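Alright, structures below, take your time with them.
The following pair of complexes shares a single chain, chain A, combined with chain B in the former and chain C in the latter.
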Partner chain A sequence: MRGLAARKTTLALIAFLVLVGGYPLLFRNSYEIGVGITAGALAIGAVGFVLLLGYAHQLAAGQPAFCMIGGYTSGILCVKFGWDPMATLLLGALLSMAIAYPIAAPMLKLRGFVLVMGSLAFQLILVVVAFELPFTGGAMGTYGIPRFAIFGFTLQSDVAFYFVVWAFVLATIAIGLNIDRSRIGRALKAIAISEMTAGSVGMNTVKHKVQMFVVSAGMASVSGSLFVHFLRAVDPTVFGFVFSLNLVIAVIIGGLMSIWGGAVGAAIVTALREGLRGLSLPMWETVIMGALTAVVLIAFQRGFAGWISDRFDRLTGARGGKPPSVTEPQPTALPRLADAPQAGTPLLDVSSAKRSFGSLRAVDDVSFTVEAGSITALIGPNGAGKTTLLHLVGGYQPLDSGTIKFAGKPIELLLPNRIAELGIGRTFQNLQLFDNMTVLENVMCGRYRLQTSGILAISAKLPRVRRDENDVRRVARDCLKFVGLQGAENLMANELSFGHMRLVEIARALALQPTLLLMDEPASGLNDTETERLAELIAQIAALGITVLLVEHDMRVVMGLADKVVVMHHGKKIADGPPDRIRAEPAVVAAYLGTEAYETAA
Partner chain B sequence: MDFQTLAQLVLPGLTTGCVYALIALGFVLCFNVSGVVNMAQGEFVMLGGLLGAWLSIKGVPLIAAVVVATMAGAVLGVLQERLTLAPVRRSPPFIQITITLGVAVIVRGIALIQFGKDPLSMPAFSGDDTFELLTAVLPIQTLWVWGATAAMLIGIYYFLRHTDVGRAVRACSINVVAARLMGVNAERLTVMVFAIAGGTGALAGAVITPVVLASWDAGFVYALKGFIGAILGGLRSPVVAVMGGLGVGVAESLAAGYLSSGWKDAIVYGLLLAFLLIRGGVFLHGRAALTAGGGH
Partner chain C sequence: MKPLLELQGVSSGYGRIRVLDKVTLDVKAGEIVALIGANGAGKSTLLNTVMGMIALWAGDVRFDGRSIARVSTAAIVGAGIAQVPERRQLFGTMTVEENLRLGAYTRNDRAGVAASLEEQFGQFPILGERRTQSAQTLSGGEQQMLAIARAMMSRPRLMLLDEPSLGLAPLMVARIFQQITSLRDAGGTILVVEQNARAALDIADRGYVLENGKITAEGEAAALLDNAVVQDAYLGGSGGSVRGMEQRIRARRREIMASMERRS
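Then we have the complex of A and B:
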């Protein structure tokens, strides 16, 4: 059922072409065509804003600053130097992106409201600059901007300009959709749910946000250039408060998480504004816009596009109601790890690891090794420091002192995403799935580190990007077959039962093609049958040549599976060795049952 | 740089700074209890000013106009909280912030419809005389602004330091989860701080109107400048927020006087941006990780 998203896109595209093509047939006078042009120009900015706000979750309210840069670049170069409008539009977009790139990383360090204010301050500074600089025309602005022209070919009619603007909208939407259905789109959605989990599959949380900031700056700039060519003039108030507001509201009404939503919202906002003008109620415009913003955000957070998409699902019965048809696990679905390290050599070497929280020594001078190809279990009573130790290995917490080596290289200073890139996968004690994606997409996320396509290739959807995506989809399906969830691909991750969710998490970690798999209490919350199947699955994973380090409470799992057991108590390692020896170790029995119990038993 | 020019810039700067200080305080109180940065904070000031001016033009006695305007601000604060924020307590912060932006727009729009495009004025509370202080000549209304601000600050200080509810507000600012576990009713406190923020903002708007006029579109700029004051104290410390607000007023007045009034705003916003970027990392870990500012 890969067709569902594709079918929706086709339908949306048909609707788009019919509406855009039909509008100038129904509304012929120059005022009405002008309204169509402004809606289109707003739509371009709005789609860019969806990428920034809906995908990267960054409310940078200063987006119109880049409309200003684009608008003024176009205006000044056309009027004062007689440049070609299309050339100035492209140059403006490049300039905006060049300005956006260096400020993106520091700007996006600001979170939430601080970012709103910071980006707003940036925009307001630009407004003052536009007022005060000698060559912008000050409060009067720059006027006498020519009709839009594409490399010498001037668009003499407004209708022609209308179609050019909407062709730009379509191109913008295409770029947005390409990003949405790529490793970058998945990474952004994953980061929105949990930066920690996104890091566990190697996703770089800063990089893609910066990319969205730059891409949306470019789109805003194009929008600004087209606007000033429509107005034939630009002054500091054109992209002021009202414009910012229209942009935000368009995105909210259209649907924050939908690329199409940006265009839909821009059309709705423009229609509403003109309608209110027609009813001679322009004073009510702001009130109604504000009220719509609040109501949509309180009651329909997915906006108009989300609503349409849900209706479509319900009408066609595309989603929901079907329990996953779970198959038997297919241990042959995945190939044996090709570059598995020599069995028996130390793969992970933890040496004198220490980590304290205040006066509590959670991990106190622990050393052990995990041999390649083995299953090593980390056990100990509650609060022994097992999960903390696993966090240290995964890079989620810094060590106070000590070293951790993976395949001979020190990793104790690396961030989780760098550690994942080296081929260390993990699953979490409290399930960490991306609820906003399907089961298949969740597993595809695991493939992130092995995909190399950059933002440019993805935006253009080059053939190699398409091939790469197909490969990833195939491997992800194989991983699901391996754990036995073949039938659940298209369900949303949160529609599964707890036990099945755990299997998805394991499949996602396997998609990463890990050399070492860290599992934090995989059996917790599972019933007896599920636990048995899990133990089988872990054995099958090890049979692929993947080394496993697991933290576990369930002794049946541990003693049946593990080649080696490391026992912790109060932050210290009290024993390690093969399960048989551990079972007889006095210190271990004492730790679990208390010293007296041991003495009585003895 | 002679002393008289300096005084003539600094003291009026303090007067607008009073408004920023009260807005900054409102930001801090609301943020600490509810976790929301209320972008409509400046609209309270705008509403207080316009409503007060409009009522006095309609012949309502000055004192009654000011009281009604203040009450209206408080009621607006409560309505905003109950109607638009309480239902979305669990939504991500950026959605809540955007909702407060929507509310700000609604209030602006209603003000535009009700009071019109032109700025309104209000007679000074005790005549249009001037007085001299440290060689600067100031309108008498300045004393009302300073006095009202001082009174509100003292009131809020007393409330935070010496009442149980105030202590609960401070507890929330240190650790909202722990405060809840100790039985602090955060819902009730949230309503209360929104009422305080609304009321103090509106009163500030009313007392400053005889000096600067009230206009339907002034709220947003007030909010931004008040926010600068609040952020200086990391949105934690009420005292730093108040000092910050006063400082922003003085800084913009000095920038306008010595540099150029055109670049005034760019300078203030530039300082904000620089400060945010330098301090940016502090806000990285969300509010739980920020150390307590307390009320001292």
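Then we have the complex of A and C:
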């Protein structure tokens, strides 16, 4: 898929350069060039909005507020202090990001509609501030803003300014694409599907949303600065309702999950607005824009850019068509765990763990240890508290009391992503794949905790980021080889059959390079032949030096694989020990195995 | 006897991927028919095609002699087919009773619905006890019972069960399959899709084996259980007892550990 994505980017870039370069040749008068400039300025804001809305999934409507901050910073510093426009643009962006950072975390605690209102309130405050402050010019605004200049070099022609604006657009898109194809991009897409699953591979669910809020604020600010240098004036209404609407419509028309879509949408919206203005029917302008947005929402759910991308896939036959060719698992594809703890020492130590839901004691004073290098199985009737216990170990739910130690350190107070960082991987009872990514990307997500590139390095795509990504891709491929899914790399995760999805989940957990792997009913939904193959795979995983804690109902897997079996019933541990002893334990037979069910099947 | 459900040369799939390839099968009134096959063979797709949730590419689906190939899902439910989906798909935050009442959504007779509700509580007493609890607080087995009871609320003439044993403890699997048998004994007709081929064939009258979208074997359930090919593919080999597979897994684990030690 990497080849395909790179090819698409190249084609998109060529199309971009041809269109941006060709426009001033075809549309030469100053009005038309002006339209091109406003489209570019809008595109910068729209790309930022895509990062916030599409990637961070935050319905924050405050973008125009940061356009205002950028616009006013540029306007005031240029007019009153005679600063260089480019310097004011950069300063405005820094200021916007500095303001965005502290308000991001509390703001993003709000969700959905409340977040819309919260961010609109922020914008409203800024409008009032712009009206009332002594140096903003009040309702009259600040005017007499000079032509745009880059550190003393003034752009005398509008065409030159046009190209500078679109160079900014290109830079913005580059940053967006760099983020998209990085650990942060994958984390954002993962978080959008499930915060819990994202946490299970160590992803920090708050940090990256805050980063997108800050980055998009910076982009909005640049957009605002360029706007006011085009208008040569700024007042509180410039970034008002119509501007906000244009921004939202641009993002929807372009495609919420497409970086290029922001630019495409901005160009379409601007062209439409200007075209409709030519009809001089002011009322119909908004009506038609609204109707168009609705049509796009219904007909092209991934927007225009998404539609073009789909067409491309279909024309080139890049996707779909054939189910994956499953390979034999290659147990040698992954190395033995280098720092595996001494076999036999307690790796996980659960002590007097308690957890209640209302009056239900889901986990009631349970203690057991998992020895390093072993396969330990946790069994018990449905509702016995096995999954809850696994959730406690994984940090998804807090303990009421008791302790859980991993490699000697207490972990009961840690959040899932911190626990994953320590090297505890897990697979889920109900499959939890990221449907919006390919199989390979899903597995790459597992590598998150071992990647360290930050937002700045990623935005600039430093060489070390590139190297790191290549390493991660290689390891992810090895993990897929290990589970026998080599042929499925480029399929979308939801195009696989159930059994194969399960293997992807295991590969993703292995990519995390876990010391301890928690598996919640890995054999459920598999037939006997597949179950036996899965058991072999788990044995291979254990042979890598990875300790396995397994919740499973299939007694053939449990009794065949486990070194130790822990039995729970009504939240309490009723037995633990080697399989043969558990099999003979009367309490276990009565509560779980069922004399009849087990023996007739045997 | 005339079959209640008939599939004739049914092909269907998702997007451009063909999943079912000219499948022909039938279910007669009063039977339990088991459909077994590997993951990805198309079992769930077949059920979804019957329910009209996936478009038919070719062939015909007939229910009680009439074609339902081009009929909406709602109309198919109205005609008397109910599906119990894989993973149950209950309304988690609603109570047990609300879930059951939603099963009767297509019915207008209030008294009849109330009677059906009591009937289900009679059939599944544990659901009566948990009547006001939200569905998500039920254990896996209880949720499966609720899903079946909810399907029964529409008084179906044919019930499609997708993986009823999924995620259930051994004891609970036995209980659910007992319930399915008693539904049949009360005059119900059931098409059940299962990974747990042995358990399904044990209670079924007849069975079909689906492989890569094609029916590759069919017949009396008892005959399929004895069929060597079926045993190899779905029942864990001819020695496919619980202990047989367990011993193979154990031996394999020992081998793997030993070879790993040699490697390092």
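Criterion: the second predicted complex is superposed on the first by the 589 of 602 C-alpha atoms of A that agree within 3 Å, B and C clash if a C-alpha of one lies under 4 Å from a C-alpha of the other, contacts with A are read in each partner's own complex, and residues count from 1 in each chain.
In this text, a contact is a pair of C-beta atoms (placed from the backbone, for glycine too) under 8 Å apart; a residue touches a chain by one contact, two chains touch by 3 or more.
Values in this document were obtained by computation on a predicted structure and should not be read as measured data.
Engineer: By the touch definition at the top of the document, which applies to A:G525: first (chain B), second (chain C), both, or neither?
Structural biologist: second
Engineer: By the touch definition at the top of the document, which applies to A:A121: first (chain B), second (chain C), both, or neither?
Structural biologist: A:A121: touches chain B, not chain C.
Engineer: Classify the contacts of A:L95 with the two partner chains as first (chain B alone), second (chain C alone), both, or neither.
Structural biologist: neither
Engineer: Give one of first, second, both or neither to describe whether A:A104 is in contact with chain B, with chain C, with both, or with none.
Structural biologist: In the superposed model, A:A104 contacts neither chain B nor chain C.
Engineer: Given the touch rule stated above, what does A:A493 touch, chain B (first), chain C (second), both, or neither?
Structural biologist: neither
Engineer: Answer with first, second, both or neither: which of chain B and chain C does A:H553 touch in the superposed model?
Structural biologist: Second partner only, chain C.
Engineer: Between chain B (first) and chain C (second), which does A:L245 come into contact with in this model arrangement: first, second, both, or neither?
Structural biologist: Once the two structures are laid over each other on A, A:L245 reaches chain B alone.
Engineer: Which partner does A:L390 contact after superposing on A: first (chain B), second (chain C), both, neither?
Structural biologist: neither
Engineer: Common interface residues of chain A with chain B and chain C?
Structural biologist: Shared contact residues on chain A (touching chain B in one complex, chain C in the other): none at all.
Engineer: Could you pull out which chain A residues touch chain C in their complex?
Structural biologist: 320-323, 331, 336, 357, 360, 375, 380-383, 429-430, 495-500, 521, 524-532, 535-536, 539-540, 542-544, 553, 555-557, 559-561, 592-594, 596-598, 601-602
Engineer: Would you pull the chain B residues touching chain A in the complex into a rising list?
Structural biologist: Chain B residues touching chain A: 37, 39, 84, 87-88, 91-95, 97-99, 101-110, 112-113, 217, 220, 224, 227, 231, 260, 262-263, 265-266, 269-270, 272-273, 276-277, 280-281, 283-284, 286.
Engineer: Using the touch definition up top, name the residues of chain A that touch chain B in the complex.
Structural biologist: Those in contact with chain B are residues 53, 57, 59, 106-107, 109-114, 116-118, 120-122, 124-125, 128-129, 131-132, 241, 245, 248-249, 252, 283-294, 297-298, 301.
Engineer: Touching chain A in the complex: which residues of chain C?
Structural biologist: Those residues of chain C that touch chain A are 15-17, 36-40, 87, 137-142, 163, 166-174, 195-198, 232-236, 240-243, 245-250, 252-253, 256-257, 259-260, 263-264.
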